[in-house]
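In what follows, chain A forms one complex with chain B and a second complex with chain C.
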Partner chain A sequence: MEIDRADGRTANQLRPLACSRNVLNRAHGSASWSQGETKVLAAVYGPKAGTNKNENPEKACFEVIWKPKTGQIGKAEKEYEMILKRTIQSICLLNVNPNTTTSIIIQVVHDDGALLPCAINAACAALVDASIPMKHLAVAICCCVAQNGYVILDPSKLEEQTFKAFAYLVFPNSIISLPSEASPKPVSEPMEHGIITSVTRGVMPVDDYFHCLDRGRAATSKLSDFLRKNLHLQTPTDPSKAG
Partner chain B sequence: MSAVNVSADLSSEMEVDAFRRLFPLRFYERHLLESIRPDARPLEKARDTTLALGAVASADGSALAKIGLTTMLAAVKMEVMTPTTESPDEGCIAIDFHMPPICSPMVRPGRPAEVATVISKQLSDTIVSSGMINLKDLCLVRGKAAWMAYLDIYCLDADGALFDTALLSAVAAFSHLTIPVVSLNDDGRVVVSEETEGQKMDNEPVNKDKRKLELNSIPFSLTCILHKNYVLADPTAEEESVMDTLMTVVLNSSCQLVSLHKPGGTFLAYNAAVQDCIALARQRVKELQSILTEAISDMEVD
Partner chain C sequence: MAIAEPTNNSPSYIDKLVVPGDVVLDLSSMSNQTIKLGGGLRQDCDSITAMKAGMLRFSKPNKYWVESSQKRYVPSAGDAVLGIVVDTKAENFLIDIKGPALAYLPVLAFEGGTRRNIPKFEVGTLIYVRVVKANIGMNPDLSCMDASGKAAEFGPLKDGYMFETSTGLSRMLLSSPACPVLEALGKKLSFEIAVGLNGRVWVNAAAPSTVILVSNAIMNSETLTSVQQKLMVDKLLQRTQ
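After this line comes the complex of A and B, so read on.
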């Protein structure tokens, strides 16, 4: 039961990826990330002194500002901001810079499906560019489920709208070198199998969700290789603008 | 690291309340070791849930839902509107979730709380994508008139598991909904006709036998906290503030997955934990379903 995709991709094939870091001069860290036509620009400012209201001053605080391509920010963007903020909080070391705020600004350049995963990948690359201390990186993927339980990866906007359900999944990237005092793992599964974030829409059988998880995990290992290679390629940023 | 050692030493000689305030995480972990929670619940047990239909007399459908101390009031108001040209035979549902300052010390008057916007978005996504309401049922006259259902949910007391309670109250309000009788007046416009006993109505009502909305595959949700290897069902606000990894599972009555929402958090969700949460949600769906049917049958007896 093959599904013909409009752009001739196979079900597991991702769109061409592109990532460049240090694209903005004034930002402490920035990155642009594109998956096919979907493109997102992320900038990081901070850490700045002080935390916002209702935040814990004993930890580093993050704020996410989402700028849509056109128009005003709506409910959907507010939800994206919250999901992105929680995701970033879970991958960053919050005890290193207590009582500081780091701002992440996401500018959508073009939306052609899988927007939130694309923004998460961009934010992650921008955080690395700004040398924010992190536990590990995160890689995000979108899976679409068809009526017959068939799963396709990295859908375009049209596919996202026509398929009955989709899931945005975020996994940690695979760790090559472990820190010296590696904590004993509570579970036998490798860390990159744990879900950081999961957002789904549309009704699907429970089995299809687990199917999505398996496919997503397989695809994110490729994504995380791409991210790692990309971060190696570009030399560390100019130290003069760190201040 | 030193804080942990200090707390371990002090736990034997400190008062329980002081220990709870100073080392909340240690306090909870000591309970979890014994598979019990501070409010005497086992880990996988949800709080007592009550549902009262028809709490707002002026609304077309309403419900008051309580899960533990979390209280939500939901009301549906129906209005006649002209459907859009893209979908001439469909009505519309507008969902709004309000968190007034009365519900929690975290909410200040003025700007709406950020969490309220997010929950209201999540609610409308869940209700629309679950297919609970067939929007075609809200059509009155094709291309001319359809129902616009305004669902407003007020949080009166926010003690954790906000989304679960909001969804329960929303579903209950829709099942209590009685659609008002409308008729075509002489100008060919749809008007709400006042139904009075004995008095003959001037015009033939348009929707005489479509007074109840048919709900198919109703969604129910359960929020769980993941902490290390533990899964805590239906957290209170205190538990949510101490342990930050939340996972909300929404299943419909035929146990299909409507939504699995986990926004970040300290702990990763492995397959086993996801399966545990889904299993707990399955049980919870059965409980909530019987609570809803009971509330509906209570209503019919009155």
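After this line comes the complex of A and C, so read on.
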């Protein structure tokens, strides 16, 4: 049942991750995220006063602009914008800054598979860089299903095109919390087992979809750790400067 | 992720980095206590979770907050900020303070201000103001007087040069004892400076070269330790003198 991947990775192995924050001078928050060859740059401006007429003024409004690497903006870009907007609305706190608009601009630098998860990760890192109030972070991953039901993670563009179906999955990040000293609360399921967004392309049986979910969830702990370490590295801590 | 537990106390995240979603306090184990939450924390039923990424800080007796540095400003009452006039209305000046909403400066909020001597500010004037009220969903209220009604250096700033930095750098410049950069610069040069907690800094000096030197030194000093800051200032001063 083993599948040989073109670049020699195992089924559960992710491509090398790299993330830098505060890369743009003028943006209020910015991040660049790359998984292997796929690289996305995200910039956040806001919150600024005022919302569109259609939006609820009691909540913060988010607008997403997706800029492809080449070509004109078409329906695929609009679909990505909508998916990103819904994902961001579910991880951000909307009542902290009512009647404001926050703009997120995604620029695709290179597309080599798993583009939307890479963009979601970049947008989340940029929102943290801009200090937009959030409920928790989001980590996104792409899972591919082969003919024989075999699931692989983080496909490259070639693998995405040759496999019969794939799913983009977004999970909340794993949080650290103080162990409660009082009687343990009945925990139904830890929060990391929730799912924020799922986008599927192609046809796959239901069991394969659940396999994808399990594999994706297991891999998100690695992504969560990477994101947390990255955030630790880039906030300079200097106790001698604390006022 | 496993958390290593010390032998007696529960682990605390004070002075450690937290990311949004981390539960920093569990209220079910403390009852009959008042806790004050500052910026970056919110209450979610029985737990206090972080909204922003930053260092969790605690000050006795009961104040918790998350300290982070960003380019936008979250208005809070009592802060002194630098605002730019955007518009004038009958009752207020509309001021941009780099926050989520424009702030209102009442036309009478000046020392000895009456209807007859309302100051005339052009659009684009830089003003040093104090935030009086800052509530969620409302435009912040400003004033050019301190709490006792005196002018106390508030008001329009003439000449000089204004540049924007992050809120963390502004807090460092205003910290006491004096920030190393300002101390080192003050020993050799004479200049005037106004620091707003919203990330705006205004510098004025007799010669433009002094203004440029001071601004560059401050902008470079954000990520340096105090020793590195002194070295950087010495190097800059050597080059010009």
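Some points to look at:
Basically, the second predicted complex is superposed on the first by the 225 of 243 C-alpha atoms of A that agree within 3 Å, B and C clash if a C-alpha of one lies under 4 Å from a C-alpha of the other, contacts with A are read in each partner's own complex, and residues count from 1 in each chain.
Assume contacts are C-beta pairs under 8 Å (C-beta built on N, C-alpha and C of every residue); 3 or more make two chains touch, one makes a residue touch a chain.
Just so you know, these numbers come straight off a predicted model, no measurement behind them.
Of the two partner chains, both chain B and chain C are touched by A:172. In the superposed pair of complexes, A:104 makes contact with neither chain B nor chain C. Contacts of A:61 after superposition: neither chain B nor chain C is touched.
In the superposed model, A:41 lies in contact with neither chain B nor chain C. Comparing chain C and chain B on the residues of chain A they touch gives the larger count to C. Once the two complexes are laid over each other on the shared chain, residue contacts for A:90 go to chain B alone; chain C is not touched.
Shared-chain residue A:116: touches no atom of chain B or chain C.
By the document's definition of touching, neither partner reaches A:144: not chain B, not chain C. In the superposition on chain A, the residues of chain A contacted by chain B and by chain C overlap at 172, 191.
Residues of chain A that touch chain C in their complex: 28-29, 46-49, 58, 93, 95-100, 128-131, 133-137, 172-182, 185, 191, 221, 225, 227-228, 231-232, 235-238, 240-243. Listed in rising order, the residues of chain C touching chain A in the complex are 1, 3, 5, 10-13, 17, 19-26, 28-29, 40, 42, 47, 49, 51-55, 68-72, 100-102, 136-137, 171-172, 174-176, 223, 225-226. Chain A contributes residues 54, 75-76, 78-79, 82-83, 85-90, 165, 167, 172, 186-187, 189, 191, 193-206, 208-210, 213 to its touches with chain B in the complex. Every residue of chain B that touches chain A in the complex is listed here, in rising order: 106, 114-115, 117-118, 120-122, 125, 129-131, 217, 228-229, 247, 252, 255-272, 274, 278.
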